[in-house]
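Shared chain: subunit A. Partners: subunit B in the first complex, subunit C in the second.
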Partner chain A sequence: MATKQSETTMYIQKQQRKREMQHYLVSFGLMIIFTLLAFGTVMIDGIPKHFTSFFIVTLAIVQVLFQLYYFMHLKDKDHGFPTLFIFSGALVAFITVLTFVSIVWIS
Partner chain B sequence: MSSVKDNVTALPLHPEKSTLEGKNKFLGFWFFLGGETVLFGTLFATFVALRHQTSGGPAAEDIFGMPLTFLSTIILLTSSLTSVFAIMAMRDNSLGRMQLWFWITVILGLAFLGLEITEFTEYMHEDLGYTTSAFSSAFYTLVGFHGCHVLFGVVWISTLMIQSFKKGITTVTAPKYYVASLYWHFIDVVWVFIFTVVYLLGILGG
Partner chain C sequence: MSVNAHSLSQPKQNSGFFSWLWEWLSTVDHKKIAILYLFGGGLFFLIGGIEAMLIRIQLAVPENTFLVGHNYNEVITMHGTTMIFLAAMPFIFALMNAVIPLQIGARDVAFPFVNALGFWLFFMGGIILNLSWFLGGAPAGGWTAYAPLSSEFLGNGMDFYVLGLQVAGAGTLMGAINFLVTIVNMRAPGMTFMRLPLFTWTVFITAVLILFAFPALTVGLFLIFFDRLFDANFFNEANGGNSIIWEHIFWIFGHPEVYILILPAFGVISEVIATFSKKRLFGYSSMVFATILIGFLAFMVWVHHMFTVGLGPSANTIFAIATMAIAVPTGIKIFNWIFTLWGGQITFNTANLYAVGFIPTFVMGGVTGVMLAVPTADFQYHDSYFVVAHFHYVIVGGLIFGLFSGFYYWWPKMFGRHLNETLGKINFWLFFIGFHLTFFFQHFLGLMGMPRRYFTYLKGEGFDAFNMVSTIGAFLMFFAVIVMLINIAYSAVKGEKAKGDAWEQGRTLEWSIASPPPEYNFAQTPLVKGIDAFWKEKMDGKDKMTAAEPVGDIHMPSSSIVPFLMSISLTIASLGFIFSAHDGVRKPALFVAGAGVVLFFLCMLARSIKDDPGFHIHKEEVIETEKGVR
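For the complex of A and B:
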């Protein structure tokens, strides 16, 4: 009985690892695609500059979310505090950048 | 007799978080990464504010090249994946496979550093020194600081791998490997914003 139970657990673990591997590979593929899209958009002439800027920054944010949630396992359970820490940091960083972008006496 | 061998059967499913010390390292390291995010945020803010102040020196669109940036990006992105594989191997309790993937990560990190040094030397020859303009200072500080992080990561992971020959994968060493891989992913996270904000927006001239 005990061996059968451990066999089942082993099987479940193996399946979980298989699925995890698929997640990693799909995330990596998507990240490569986002990178190619960003470089491609910059190379194409005739697209309004502010549109390109907005588009590639959005791509960067999405790519980073994949990195955080899949490669750094933020999607897994017991990641409440890490999520809080990293997004608090990101919020402060965002406000700082926003301040310096809209600063009026440099440009 | 051999503590490494005993652990082959006894390693828990998530060895990096099976002890209180491991849990603390995990939480503490994420807290550190939050702080690092703020630090890089300030450097990005400085760069974005000063990126047009070239003071007669070369501007971003004069010097940045797409192919080199693209190559660096792919190298760092791939190294992120290889360190994920290393952690998978660690959870499978397969020391050799973990070492292999971490060594590949280190080699890719070194390749990235080599490219960055070549790039900076080239800029120096094009008269973009550290003190040439506000743009150049902000650029070298931001990208150079990221480069220092890559260097630190390379040294850290290499020394961990040397230690791993002796200590193997245990509930004591697993948190170290896990945290080092988190650091390496964070380096890639920062680079994603650098290649977008510094290089691509620079080439765009936006």
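For the complex of A and C:
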């Protein structure tokens, strides 16, 4: 009985690890594609500059989120505090940067 | 007290001055660090107070020549800097260290070593700053140190400001991270977030604010450091820099700093008023919500310090509205305190007098705050004594009243002896009357047009009488502090011994253990069953907490001299950098600075390599100690 139970848990853990690995691989692949896309938009002539800068910054943000959630485990349970603190810190940093690009002097 | 064989770093128990000194230099016990913070901060509080007296003596009569020009600028700069960074902050950390682990039912803080390092960095930072008096003149750019005045036009004093605050600020940041982790991870079983005592809640939010605000100061100080010592041009308009950036960075740090100061005072007041009204705190969850909201808004309002800089009407309006919004959560708190007092069985001892005196005084500071938040009106008030009156009402009338209330309240828990109540009441009334005499009339001086930071004023401008009254009030406050010192000395010699539940109506966990607490705080980790955990147990007819574990061996961290050595090495590095501004000695001074940095990293290496298993206090010893107490 006991052995059967432990076998089941082992099987579940194995499946979980497998799924985890899949997540890693998929997000890794996506990141490479994003990077190629970003490079591509910069390299190809004829794409408007505004679009390029907007596009690559968006990709960068998406990549950071992938990093945080899939590679640094923010998606897992019991990561509420790290998530809260990371985003609060990001908010403060964002406001600071926003100030320096908008209202440092006369606007 | 015997220790485990593992504890090689424990000093041998031989008596004498040096072993006493060693014990305090190497301690990692949060209760001892609290006392270090208290007396370290007290030292700087006295220095800052003497500077305040010098200012008031100079301004007592028109055209006085007691302290003029550059010297006056040095004294006001050092008064502001000392009081904020070297007196108020360590006082807050003293209460945090003394109370937080006890309130959450923990045996220690999360990182005892970092805790000790935080204290020694603060203390050495203060020493660096005050060494400037003897080494070529103190900083004279105001506590805000606006560029380019501070980066280009003032002498060596500013280097002491930059490096002293850098070292002290690093200590504060470490202390805050330590308390964040402590409160998140080390709560006793059953102590959920919505059961935390309000002082712990406010300290938690304060620590969050420190975590996010102090990096801005660190960055700003680094920029000004490079401008001054390595000819960078961050704040130099002529070479493409922008001096307004300093103002933004300083106030992005500086405004949260104001809430870092006041929130713990709110916490203290909440504890004291609830205890001495013999009632549960009114509106606990709204108090928690208001605290979080104040913490959030703290980062959205810094431009109200810069309304007259000329950022344009839209920026000014946005920040004005955000600033006025802060009156809402603060108002929630004020009403909750009044409703806690309402119908309570109130005891007016010194702690509660300070707490009750806090409420109207702080409201006055808040009202002038909302007045200053209106940009159009602020153009009139800006840089006048009205502003001086406002921030002394919130910082002295708010923070210092709160801290003194906390000292009288927790003194028996920290030292095992009560402060004398008669002396305490003399202290309170002198301080309260002196405070209002000093600062109430400064509102009118400001409205009449007396500018801030000027060292004199002329006869016949109508400033004479109010300035004289203000100086008299300052002397009353000075005497009040002397009475408090006498009270501390009296308490140490003849003070009434305190019981565990010193006020006999303690509500929170710290009152369920002996005063002063044993080294391990709780013989058995308590089981928390609700808000005001200890009060709940007493209402169930018990005299101590229900235990959450059997009595067992208790693991303790071993003491270490490394935090002290690390702080010394950063002091050496700072002094090296400071003297590198002198042309003749630039190379040797930079060499000394480098040596200090290397020494610092060697200390880190030593700490990382050496295994530190701590030691155990055995079960039998714990039982023996607990018998002696009860």
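Convention: the second predicted complex is superposed on the first by the 102 of 107 C-alpha atoms of A that agree within 3 Å, B and C clash if a C-alpha of one lies under 4 Å from a C-alpha of the other, contacts with A are read in each partner's own complex, and residues count from 1 in each chain.
One rule holds in what follows: a contact is a pair of C-beta atoms (placed from the backbone, for glycine too) under 8 Å apart; a residue touches a chain by one contact, two chains touch by 3 or more.
The shown structure was predicted, so the numbers you read here are calculated from the model rather than taken from an experiment.
Undergrad: Between subunit B (first) and subunit C (second), which does A:Y69 come into contact with in this model arrangement: first, second, both, or neither?
TA: neither
Undergrad: Please indicate which partner A:I56 is in contact with in the superposed arrangement: first for subunit B, second for subunit C, both, or neither.
TA: first
Undergrad: State whether A:F81 touches subunit B only (first), subunit C only (second), both chains, or neither.
TA: A:F81 sits against subunit B and subunit C alike.
Undergrad: Give one of first, second, both or neither to describe whether A:V104 is in contact with subunit B, with subunit C, with both, or with none.
TA: second
Undergrad: Does the superposition put A:V92 against subunit B (first), subunit C (second), both, or neither?
TA: Both: A:V92 reaches subunit B and subunit C.
Undergrad: Compare subunit B and subunit C by how many residues of subunit A each one touches, and report the one with more.
TA: B
Undergrad: Intersection of subunit A residues contacting subunit B with those contacting subunit C?
TA: Comparing the two interfaces on subunit A, one with subunit B and one with subunit C, the shared residues are 81, 85, 88-89, 92, 96, 99-100, 103, 106-107.
Undergrad: Under the definition above, what is the set of subunit C residues touching subunit A in their complex?
TA: Those residues of subunit C that touch subunit A are 184, 208, 211-212, 216, 242, 244-245, 248, 252, 299-300, 303, 310-312, 314-315.
Undergrad: Which residues of subunit B touch subunit A in their complex?
TA: Subunit B reaches subunit A through residues 13, 17, 26-27, 30-31, 33-38, 40-42, 44-46, 48-50, 52-53, 66, 70, 73-74, 77, 80-81, 84-85, 88, 91-92, 182, 185-186, 188-189, 192-193, 195-197, 200-201, 203-206.
Undergrad: Provide the residue numbers of subunit A that touch subunit B in the complex, in ascending order.
TA: My answer: residues 13, 17, 20-21, 24, 28, 31-32, 35, 38-39, 42-43, 49-50, 52-53, 56-57, 59-60, 63-64, 67-68, 71-72, 78, 81-82, 85-86, 88-90, 92-94, 96-97, 99-101, 103, 106-107.
Undergrad: Show which residues of subunit A lie in contact with subunit C when the two form their complex.
TA: Contacts found on subunit A: 81, 85, 88-89, 91-92, 95-96, 99-100, 102-107.
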